[in-house]
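Below you'll find a set of structures to go through.
Next come two complexes, and both contain chain A; in the first it sits with chain B, in the second with chain C.
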Partner chain A sequence: MADAGTLTSATALEDADRRKAWGFVAPALLWAAAFFVVPFAFMAAMSLWKREGRELVRVWNFDNYARFFSENALFQGLVNSLEITVIVTVISVLLAYPLAWIIAERVPKRLQRMALILAILPFWTSYVVRSYSWLLVLSKNGVINQMFMNIGLISEPLELASTRTATVIGFVHFFVMLLTLTIYSNLIQLSPNYRRAAADLGANAFQTFWHVVLPLTLPGIMTGAFLTFVLCIGDYVTPQILGGNNELVLPQIIMLQLGRRADFPMAAALSIVLMLAVTVAYVACARWLKIERA
Partner chain B sequence: MMQSVRDGAPLRRFLSSSAAIAITTLSAVAAPAPVFAQEELNALVWCDHTDPALLEPFEKANDVKVNVKVYEGTGAGLSILDQSQPGDWDVLVIDGVDVHRAIDLDLLAEMPADALPTADIFPEVRMEANNTKDGKTYAVTEKFGYNTISYDKTKVDPKDMQDLSVIWSDKYKGRIALYDYYLPMIGLVGLGLGKKTSELTEADMPAIKEKLAAMRAVSKQVSDVVSSQTALATGEVDILVGGGEWITAVLSADKPSLDWTIPEQGAVRWAQSIGVMKDSTKQDLALKFVQYILSPEGQARLATSSCYWAMPANAKAGEFLNDQQKTALRFSEQAEYLKKTQLYPIPSAELDQQFQDAWTEMLQQ
Partner chain C sequence: MLRKISASVLSWTYLVLVYAFIFLPVAVLVLFSFQDGRLPVPPFNGFSLQWYEAVFADRKLMAALGNSMVVALASSVISVLLGFLAAYALARYKLPGSALQRGLLIAPMTVSYLIIALGLLSVLNALHVPLSLMTVGIGHVVINLPLCFAIIYASMGDHHINIERAARDLGASDFKVMALVTAPMLMPSILAAFFLSVTFSWDEFIIAFLLSRFDVTLPVEIWSMLRSGLNPKTNAIGSLVFLASVAVLFILELSLFGRTKKQ
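Up next, the complex of A and B:
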């Protein structure tokens, strides 16, 4: 009887714990349902409607998706988006890692906060203003071309503004800051004992970095890289200002559907495609994005 | 002990914050009470209507606060209205070619024709066919301009700009920007092909696509208003196809080398209209606002609004413009320009789709 009583009270405690857990989780679930699941369901449903002339035809069909895959100009938007996003993510990681490492390992502890603030200082300016500033810097009469011409490196100005290069530069400037933060936070959590153990086992500095530090900081890299991917592939402002419309990315094509014709079904279908691309990126990074208890 | 010191810090911050709030509150109480407007008027507009120099005289005269929301593109504007409650908006500014879209959606109220200065409006931009239906006036043209050729006269030969074919010739390859709005741009292509903008049909699409591709091949970029202005001002490009006084006039003081012209073949004319929302609960006040915007004084302010300059629809606005402003707008040359230009195309929904697809295709080339 005593055992049964203990069992009953243990079950009651578990039930109470479960109810408490649900109580804690419920607000987040409700938030996600109200601001993600429901709007997403509406958008998915709308992507299956279509606009005929000025009329919205509320009959489910896959015409918008068929158009996306059959019209090269639309599909190319996805290709451009993916290409630019991958280039930006790779360059940003390559630049941010050494920067984060220098701040975490070489800058004295008392100055690290200041170094981080300096690293993320550009975040404090408006995104649009920063993009237009880059446009001026990269223009024919901009700082870069003038400097190169003054030192005799080039005789004619380089075509930098309104190109994919300009878009990539604008993005990288922004995302290096983001990645520096995620990688730095990973690096400072790394116990020095790992490196000491590697040194004891005869590893040189490069081997320690390659076989010990880098794998252990991969979660930070992948978290930053995934955030970079998500923010970059969905961005409209930077390609619009710096790319000179010389190639369209998917968010620009989405905006084009809305501007005059208000073709929300087509815009919704393109948005779903964009979201699928992000989902694929998540699945690819999921191994490193697991949230585990310490 | 340490604990109490740490605990003391938030308390001090709280006390100092409270003191700051108290001082601010006392200051606010002690200061003369601001005069709050009795009424509010909500206007869904283009960015040129946000200039305080335009709104303040009306607000003061009528003791009203005008709340403005800016939109770009008729589709975006109609979506905002679709998501609003009836009565949320009192005034609507809309592309002149799209007034009938708003009328068909039963958005605009009929305005008493005799209360509007229609007779003072340049005859070519009265656009009765667009602004009225079944003899009833739903909107009035308030501002217009041209999608034509803007250029830096120190960098290109102004004579070349008189021929529309320059927009697809190799002579200025890599020095041309295209304005990123397919409707006027396709209208310009049509003019270059010798077609009237009102007569463009599906049959013209192959030729239009071919010329769009040729324009793309010689252009440096396709850009919106701000990027186009930046490109011209910084010397990134020397020609802007689709530009006009609304691009260069506002820069005229700082960049006198920027100019614009209407080629021999003509150019495209744009116009924006203003009307009162049918579900507005402040019909009289909204009409008063429309009348103010259409008055010579309001027109001069709208024409030289900080967002972009363009011609006032009311010919009497010239009395309120100074010489520099008139020169920048080419006020005295309007009679000739109006003759040489055509309203930009008003395609059916199906043709509109084809226009947009052709434009998207061109951008991806």
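Up next, the complex of A and C:
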């Protein structure tokens, strides 16, 4: 069909196109390389160095990791992080699923969008302020304690703030909103034909839910749960404001290294540990996760 | 029949209870921002606007508000621009290693903000780069670029190719095609990416906290206000940010998304 002349011009055109395309994609790639890949590699390398006095000493060693496993105060941070994150993820899913289901099934169609917007409205409080406002509710002279004391349920104020419970409440509040949104969008994508088919075959409402609706929405739940896990385990603000200085989580311990001690190598090593925890969680739920690559 | 009614009562009770839980802290926050007294906790002493006056009189707080706006807008413009160009190149041209490139562009999404901030901070320290709003903005582009790229890339359907080809056949240069044909076609997703970026940057704390020095953003300034404990002034600034966000959301819902629905 084509003679040699048009072939060369076609490849020449392709070459020109390719150069142009590289030009378009280069700024984004360079940004990601310079401000994400390089810092990350630097941090990984730094986790194998150590600090002496205020100086960074570039001797390669695994001391930071060894210290992490041997020093209880450090290792306990990971344990606390994992415990809190698992508790938060489970409670949030259990609270959000029924809510999403009620909005999708019980609320009239024309009101559903409104109901959903309402359910996530407090999302728009600033992130730091959201934890602070739970402090108003939970603190010693806060709303809950005063209410309980007024109705005579308790005589002494309860220590609600600066506890693990407060951290969990703050987290659950945020993630219930997030998960309601993801699970709802999953539920309404479900074709009613599946349920009709199950009903035709004689399944009752519970059987239909358990054998049809729940398995079909499981990928959505797992995606939301994984997102919850990642955001929760990496958060510093909520545990710092609500949990206080009791039962520190890993991000709090990382921030402590940066403060007075300026121990960057240790902070870097703990960050790598944090990333590994997320990776393990990813591998564990990878078969349910359908993160679409568009 | 009876079972149906009790199931429905149960559903609505559950709905109301969870909504109460979701709204409780916000309601308390806003209510006690009007507290006529020094503590934002019960009893409510009466209605006063003194804490809002205090907020507007606070120079540092107002400066932080301005800084936040500058950082949010600038970092979002850069994120959308770089994300759009990369999405265009990867969707319209066959480049070697494009899967790897996409992976690299998306990768920061999977890493917690604290780790991104820490990595940047270590490198900036090693290179003796002073911390400023600029370094905060650089960090915010790192977290928003993946988002913008993913949103815009996902909306670049193949059905747009022929329209772009037609424009090129009529003599339009690449930049003209992009600016006058592709970008307008993708406007809904470009705007969505932009507003999402603004929201994320506006509300981001840990990167802004670790990568700033003297000029700080609003979340960092609010953070330092928390050190003085419970204070109705914190309620007032928190309520203001909340109400402003809801207002913006409402306007967007009515104008932007209302329009795309009709199309």
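Note that the second predicted complex is superposed on the first by the 252 of 294 C-alpha atoms of A that agree within 3 Å, B and C clash if a C-alpha of one lies under 4 Å from a C-alpha of the other, contacts with A are read in each partner's own complex, and residues count from 1 in each chain.
Quick note on the criterion: a contact is a pair of C-beta atoms (placed from the backbone, for glycine too) under 8 Å apart; a residue touches a chain by one contact, two chains touch by 3 or more.
Model, not experiment: these values are computed from the prediction.
**Student:** In the superposed arrangement, does A:I233 touch chain B (first), chain C (second), both or neither?
**Tutor:** Touch status of A:I233: second partner only.
**Student:** So in the superposed three-chain picture, is A:L135 touching just chain B, just chain C, both, or none of them (first/second/both/neither)?
**Tutor:** Touch status of A:L135: both partners.
**Student:** Determine, for the superposed model, which of the two partners chain B and chain C contacts more residues of chain A.
**Tutor:** Greater contact footprint in residues on chain A: C.
**Student:** Of the partners chain B and chain C, which touch A:A73 in the superposed model: first, second, both, neither?
**Tutor:** Touch partner of A:A73: chain B, not chain C.
**Student:** By the touch definition at the top of the document, which applies to A:M114: first (chain B), second (chain C), both, or neither?
**Tutor:** It touches nothing on chain B or chain C.
**Student:** Mind working out whether A:L153 is in touch with chain B, chain C, both or neither, as first, second, both or neither?
**Tutor:** In the superposition, A:L153 touches no partner, neither chain B nor chain C.
**Student:** With both complexes superposed on chain A, which partner does A:I253 reach: first (chain B), second (chain C), both or neither?
**Tutor:** first
**Student:** Figure out whether A:V57 sits in contact with chain B (first) or chain C (second), or with both, or with neither.
**Tutor:** neither
**Student:** Per the contact definition in the header, classify A:G244: touching chain B only (first), chain C only (second), both, or neither.
**Tutor:** A:G244 contacts chain B only, not chain C.
**Student:** Thinking of the overlay built on chain A, is A:A21 touched by chain B (first), by chain C (second), by both, or by neither?
**Tutor:** A:A21 contacts chain C only, not chain B.
**Student:** Of all the chain A residues, which ones make contact with chain B and with chain C?
**Tutor:** 132, 135-136, 139, 141-142, 241, 258, 264
**Student:** Within their complex, state which residues of chain B touch chain A.
**Tutor:** 72-76, 78-79, 101, 104, 174, 177, 180, 183, 220-224, 226-227, 230-231, 234-236, 348-350, 352-353, 356-357, 359-361, 363-364
**Student:** Would you mind writing out the residues of chain A in touch with chain C in their complex?
**Tutor:** Those residues of chain A that touch chain C are 17-18, 20-25, 27-29, 31-33, 35-40, 42-43, 46, 95, 98-99, 102-103, 106-107, 117-119, 121-122, 124-130, 132-137, 139, 141-143, 146-147, 173, 176-177, 230-231, 233-237, 241, 251, 254-255, 258, 264, 267-268, 271, 274-275, 278, 282, 293-294.
**Student:** Sort out for me which residues of chain A touch chain B in the complex.
**Tutor:** 52-54, 71-74, 76-77, 132, 135-136, 139-142, 159, 161-162, 240-241, 244-248, 253, 256, 258-264
**Student:** Which part of chain C faces chain A closely enough to touch in the complex?
**Tutor:** Interface residues on chain C, with respect to chain A: 8, 11-12, 14-15, 18-19, 21-26, 28-29, 32, 39-43, 82-83, 85-86, 88-90, 92-95, 101-102, 104-105, 107-108, 110-116, 118-123, 125-126, 138-139, 141-142, 145, 149-150, 153-154, 174, 203-206, 210, 218-219, 222-223, 226, 230, 234-235, 237-238, 241-242, 245-246, 249, 253.
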